Amino acid sequence: MTQPVIKARGLVKRYGKVTALDHCDFDLMPGEIVAVIGDNGAGKSSLIKAISGAVSIDAGTIELEGKPISFSSPLEAQDAGIATVYQTLALSPALSIVDNMFMGREIRKEGIAGSVFRALDHAKMREIAREKLSELGLMTIQNIDQPVETLSGGQRQGVAVARAAAFGSKVIILDEPTAALGVKESRRVLELILDVRSRGIPIILISHNMPHVFEVADKIHIHRLGKRLCVIDPKEYSMSDAVAFMTGAKLPEGAVEAA
Amino acid sequence: MSDTTQPTRKGQEFEQTLDASDKTVASFEHESRGFVDRLQHALHSNPTLVPVIVLIGAVAVFGLIAGGKFFSAFNLSLIIQQVSIIGILAAAQSLIVLTAGIDLSVAAIMVLMAVIAGNLSVYMGVPPVLGLLASFVGGTAAGLMNGLLVTRVKLPPFITTLGTWSIFYALNLWLSGAQSIRSQDIDANASILKFFGNNIALGGARITYGSILMVAVFAVLWYMLNKTAWGRHVYAIGDDKDSAELAGIRTDRTLLSVYALSGFVCAIAAWASIGRVGSISPQAFYEGNLQSITAVVIGGISLFGGRGSIMGALFGALIVGVFQSGLRLAGVDVLWQVFAIGWLIIFAVAIDQWIRKVSA
Amino acid sequence: ADTTACLITKTDTNPFFVKMKEGASAAAAENGIDLNTFAGKIDGDVETQIAAVESCIAAGAKGILITPSDSRALAPVVGQARDAGLLVIALDTPFEPAETADATFATDNFLAGELIGQWAAATMGDTSEAKIALLDLNPSQISVDYLRDNGFLQGFGVDIKDPTKMGDEDDARIVGNDVTNGNEEGGRTAMENLLQKDSGVNVVYTINEPAAAGAYEALKSVGLEDQALIVSVDGGCPGVQNVADGVIGATSMQFPLLMASKGIEAIKAYAETGEKPQNTDGLDFVNTGVELVTDAPVEGIPSITSEEALGKCWG
Amino acid sequence: MSDTTQPTRKGQEFEQTLDASDKTVASFEHESRGFVDRLQHALHSNPTLVPVIVLIGAVAVFGLIAGGKFFSAFNLSLIIQQVSIIGILAAAQSLIVLTAGIDLSVAAIMVLMAVIAGNLSVYMGVPPVLGLLASFVGGTAAGLMNGLLVTRVKLPPFITTLGTWSIFYALNLWLSGAQSIRSQDIDANASILKFFGNNIALGGARITYGSILMVAVFAVLWYMLNKTAWGRHVYAIGDDKDSAELAGIRTDRTLLSVYALSGFVCAIAAWASIGRVGSISPQAFYEGNLQSITAVVIGGISLFGGRGSIMGALFGALIVGVFQSGLRLAGVDVLWQVFAIGWLIIFAVAIDQWIRKVSA
Amino acid sequence: MTQPVIKARGLVKRYGKVTALDHCDFDLMPGEIVAVIGDNGAGKSSLIKAISGAVSIDAGTIELEGKPISFSSPLEAQDAGIATVYQTLALSPALSIVDNMFMGREIRKEGIAGSVFRALDHAKMREIAREKLSELGLMTIQNIDQPVETLSGGQRQGVAVARAAAFGSKVIILDEPTAALGVKESRRVLELILDVRSRGIPIILISHNMPHVFEVADKIHIHRLGKRLCVIDPKEYSMSDAVAFMTGAKLPEGAVEAA
């Protein structure tokens, strides 16, 4: 059995009196898309925030490619290769597309200008950004220096995904990337996801859209009451089964407990 | 048992038509627009132009009203000299305002640091360079204290600096015993403290080193804010702190650096103020906190953070200086100068608001 | 000690008041009196001074020494204190009317101004070419401010019109008035501003010595420091030193320590005998004296040198 | 041609199982918590308790330190008297802060209105009642001016009131000629202006009408904010203005009423201040703007709007008063009083922050 | 032919250089659910904001039950009977459920207490709120005085819909009410919608979820490039057709041009 890219065990996260994660486990294998589904408030976002360093956990362990990790900030997770597209996108509206794409990993000029005077290499960043965006088929964006606030919702998603995909990530996490998008734009994002996976990067996808989930996922992690209820193979279970499990209408039996 | 379209992975049936969907970008005819509209749009795409235009306009108007006295090289260089301290404080203030904060303590830090440098060098026999060094360390530490309260204790910047203002002010009075240090005593023991009071005569103009320092401080900070990653992070934090954090910026660390730097700039202002005033007066610049904020808002930096250029604050400070000088030379009472500055603040920001209203 | 007294100054940020406090503390210790000291936060901070008077009443003090931040506004609370049996003595700044307090120990501020005015006129000789800059305190027209300003002008030989108003004179020799907030920074900026109006300024009156030091810096920065006579009021040690250094031509020395120690003695006397101090003949206050300090004495105006003054400064 | 489940309208296939879904509400075991934790939670559900506790604590501590002098009925009633003006200003300030604004001009409005009432009644022969009326109209108009700039010109409240502060201050100096109006002159011509200076002796305590007025102002405003629709709207606007607008509240009109009312309350403070000071001093209360903000934040009202009780501001003002009185009676220099108030602000808000951190 | 409840003609709305509504028409007949679909940025939200008084239009006319209306604020629209649940919900997080439900139409006490002292009748409002919430089957909410910020996303939607449905509205407008909701919560909201319609109140529903739209709508208004492209009957067209029309892949022919 190959080693999981991400392996979490016994995660606990409390917010005051609310227990968002209650001894939750999670696994992601190389090259696969794992969808995480569950009711509102089940703790899905909390789970991925725990993995991506956006919140600190109260208990539990996380391993990245077999090595235990404990991130105290999203930056550390990013540096370790875990790129996340949050529900809120985490873009800075007043800054340009390039600025946003390189936020936190800007490229400095070569030579003294960069090492001593810490000057940014705007030209290079622009070039790379354009390249990455067109690789992902996002060349409808004309002016790479325009502020993100002037983009449509779909375009913003595109920028956020491109940012996540661009920097040699080991894992990409997407939290409800299509929730606010139209049919056409949703499709683009799903294609983006498949495209990223085809380059061998495993993906965690949170979504409430069952058809989307069953379309792209290799495995479905069903989250309920702050923990992993079961993991199912979308080829073996129907959407009805999945919904029944996640809402507590049915209890899973013989489901793939851990990948 | 599967009801999905697994193997083909082509999505739901109704999505199949998407390949044929329209790829052109929407465009609409535009109404022809008047001059004002076009001006508004032009300024919108380059908002720092606004204070520049106001500044040029003010210079022109006062040149007409107050005549040659106002418009002399001497007077113009004097204005720059007179605003240099508040200008440097406004630079420190801008850093905080860009992060969506506000700092009521900048002037208090400055005065305290001038007193520290002076006490050490003039009265306590410390070599003046070390005295200055102490004030730089002290200014940075004072800024850091504000920053720690904002980031660790999570106090709003307004409240933090309302509190530390009192604290720094009290320390200042205690250390100085409310006594000024005389110009002559500084000359005798620590003339380097007055370095920025020197000037270069250029025709009628007298450019003090302090004026040059102000411009240099703005230039360096402009570079840092616009040409380095740190600067991008400062803007991102002011824009939306949570997003910046999630995007992988160590927001608290960056904020701390901003507050520390701001305190450091206040210490620079302290050094410059000794040159400007000639002596070290614990009572001076009591209104400096609000004056620096005035310069910043007139310069078009948004109090909500993340928007505006630090150069705006420089122009803002100069606008206030031009107004005061012009009104004075036109024979207007201090009283009505205060009145006019009140309206200036309101008008400058109203214009700014009007320009930002347009979508690009 | 079972006698308590209070000292309430305008601020704690002015060396004049700091000295006064030192003097009062020393005198209190000597006379076995408990002294509580209070001060406003800034000049004009009436409410803090009112609260201080009330605290003194609450604390059962025998007497209050106060430099009123507003010579009219504090009258009611002073009345309360007197009704409660406290002796209230105004120091430095008289009330309007002076009878508001039981006694006033002050400099004759008008005279202080007059002396430096006379000295400046006599030093110039021909005053027809004078160009006078007046560096006042602030826009609030408080009594020390207009008394010194008008005193100076009168001594110099200018028609002062309303003696309680500054800036209402129409003598062509006056270049202008500007405010300094009584500190060096304000003094410098105000001087620059007036030089802008007329770079020929040759007489500079200043409300106090920090303002004078600032004015000197402004003149020096444009190389005009020898063109103008600077006169001032206070006689603080740094000010006297500035006379010695040639920064200030002449200054009128006040005696804050004397005011304070006389005040304390008066309270002690009142506590022991119930007797209240008497005014100086012909004045509605006890004149603690003023002395002109200059190293360039002129005929007919008694003065002391800076060297002599250094021994006395605010002593 | 239909591929839908139109007739049955039962949703997609996978939704059919939902009827059987779990209906119980999630619950988790709780760790047992320590005393501090439980205190934190208790205070969280009743945040106005915090300033009350601080107040009681402060009274107790100073009672111990400064002894009987502090703890006398006379002194305690004196403290209430001493904070009454800043207290009323803090009430006016609270209104603005609850809408997520800040008002730097409250004290300037108050002083200007006192000067107007005084000038008219004492010097210009207007019947005192009309003089007072003029000040109430004036205060309301001044507040309205702030409100119009905030709602119509869309200026941030901070900037608006930074500007109008200068304007009102200049008008005040101009109208008053910077001269105080003497107590005797008021007595002779318009003794009603000093109405709130009267007091009731109750044992050792002396309750001035002004103290009662302050409590009454808070009581009325508390009622308006908590028991009327207008009050709910004020909170909603402070909470989220856009939502409030969409929910059908005329936010601009409500904001205007808030600013106008705040100006009116400043005029009440003006009347009370004449009674308190006994005369009308144009220079008084220069720091009143920031002092009122201090009271508000110590009272736990959030500068971000929509959270906190106006009663907090009353306790905030009293806390500051108790501190000042206690420190004064303990013989502490003003210098160190200023220092202590600085820390008080920081600690009070830090505690508040700590309490709000807990989820309910 | 009965009179439309809402009839809009030639609506134009510009934001600076962007034309969000470009001579758009709209009709809503009594008792029907009209779904509005279209790409991101097509102008759907702008359309309903124009109808509900949240933005002022640059040109065009709107009639409510035959009478021309022109609202300058959401309040006026509400008073006229148009209740809207915005994408952002428009709730005040720190205020209680009751306060939110009655925001802008609070009930005052009877007698002098109410008329002179303007005292609110908290008891009555509480009672009515509880009633309305249970009518709509939302009694999972236990404490009607708890602040809205303590509710889950689904519960908040419920409160917003209940507010819209509660006050004798003539029309209810919902802008993407299920976008952030899970499968179970979405279902509840759809049931709520059908429930409201069954009481004779017509509804305008904006959604990107085709199955939901085709499930509940009586008519589908397809919005494209700022105007109404066509109105189709979901019983006569497939989801594929609708998607093709709204994305410009196909041109509608013989569709119900105006209801």
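Lettered A, B, C, D and E in written order, each chain numbered from 1.
The definition used in the following text is that a contact is a pair of C-beta atoms (placed from the backbone, for glycine too) under 8 Å apart; a residue touches a chain by one contact, two chains touch by 3 or more.
It should be emphasised that the depicted structure is a prediction, and the values quoted were computed from it without experimental measurement.
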Touching chain C and also chain E, the following chains: B, D
Rotation, 0 to 180 degrees and nearest 5, that superposes chain A on copy chain E via CA atoms: 180
Farthest chain relative to chain A (centres taken as mean CA coordinates): C
Most distant chain from chain E, judged by the mean position of its C-alpha atoms: C
Distance between the centres, which are taken as Cα means, of chain C and chain A, whole angstrom: 73
Whole-Å gap between the CA centroids of chain B and chain C: 38
For chain A paired with chain B, centre-to-centre distance based on mean C-alpha positions, whole Å: 38
Between chain D and chain B, distance of the C-alpha-averaged centres to the nearest whole Å: 30
Residues of chain E touching at least two other chains: 183-184, 210, 238-240, 243, 247
Chain C, residues touching no fewer than two other chains: 12, 42, 139
Two or more partner chains touched - positions in chain D: 3, 12-15, 18, 21, 173, 335, 338, 360
Complete list of chain pairs which touch one another: A-B, A-D, A-E, B-C, B-D, B-E, C-D, D-E
Interfacial residue positions of chain B with respect to chain E in the complex: 12-22, 26, 28, 30, 41, 358-360
Of chain C, residues touching chain B in the complex: 12-15, 17-18, 42, 139, 178-179, 181-186, 188-189, 192-193, 196-197, 210, 213-214, 216-217, 220-222, 238, 241-242, 245, 247
Interfacial residue positions of chain D with respect to chain C in the complex: 69, 72, 74-75, 78, 81-82, 85, 173, 177-184, 197, 276-287, 324-325, 328-329, 331, 333-335, 338
Touch list for chain B against partner chain A, complex: 1-6, 9, 11-12, 14-15, 18, 21, 25, 223, 227-230, 232-233, 235-236, 239-240, 242-250, 306-307, 359-360
Contacting residues of chain A [partner chain E, same complex]: 38-42, 152-154, 176, 179-186, 208-210, 243, 246-247
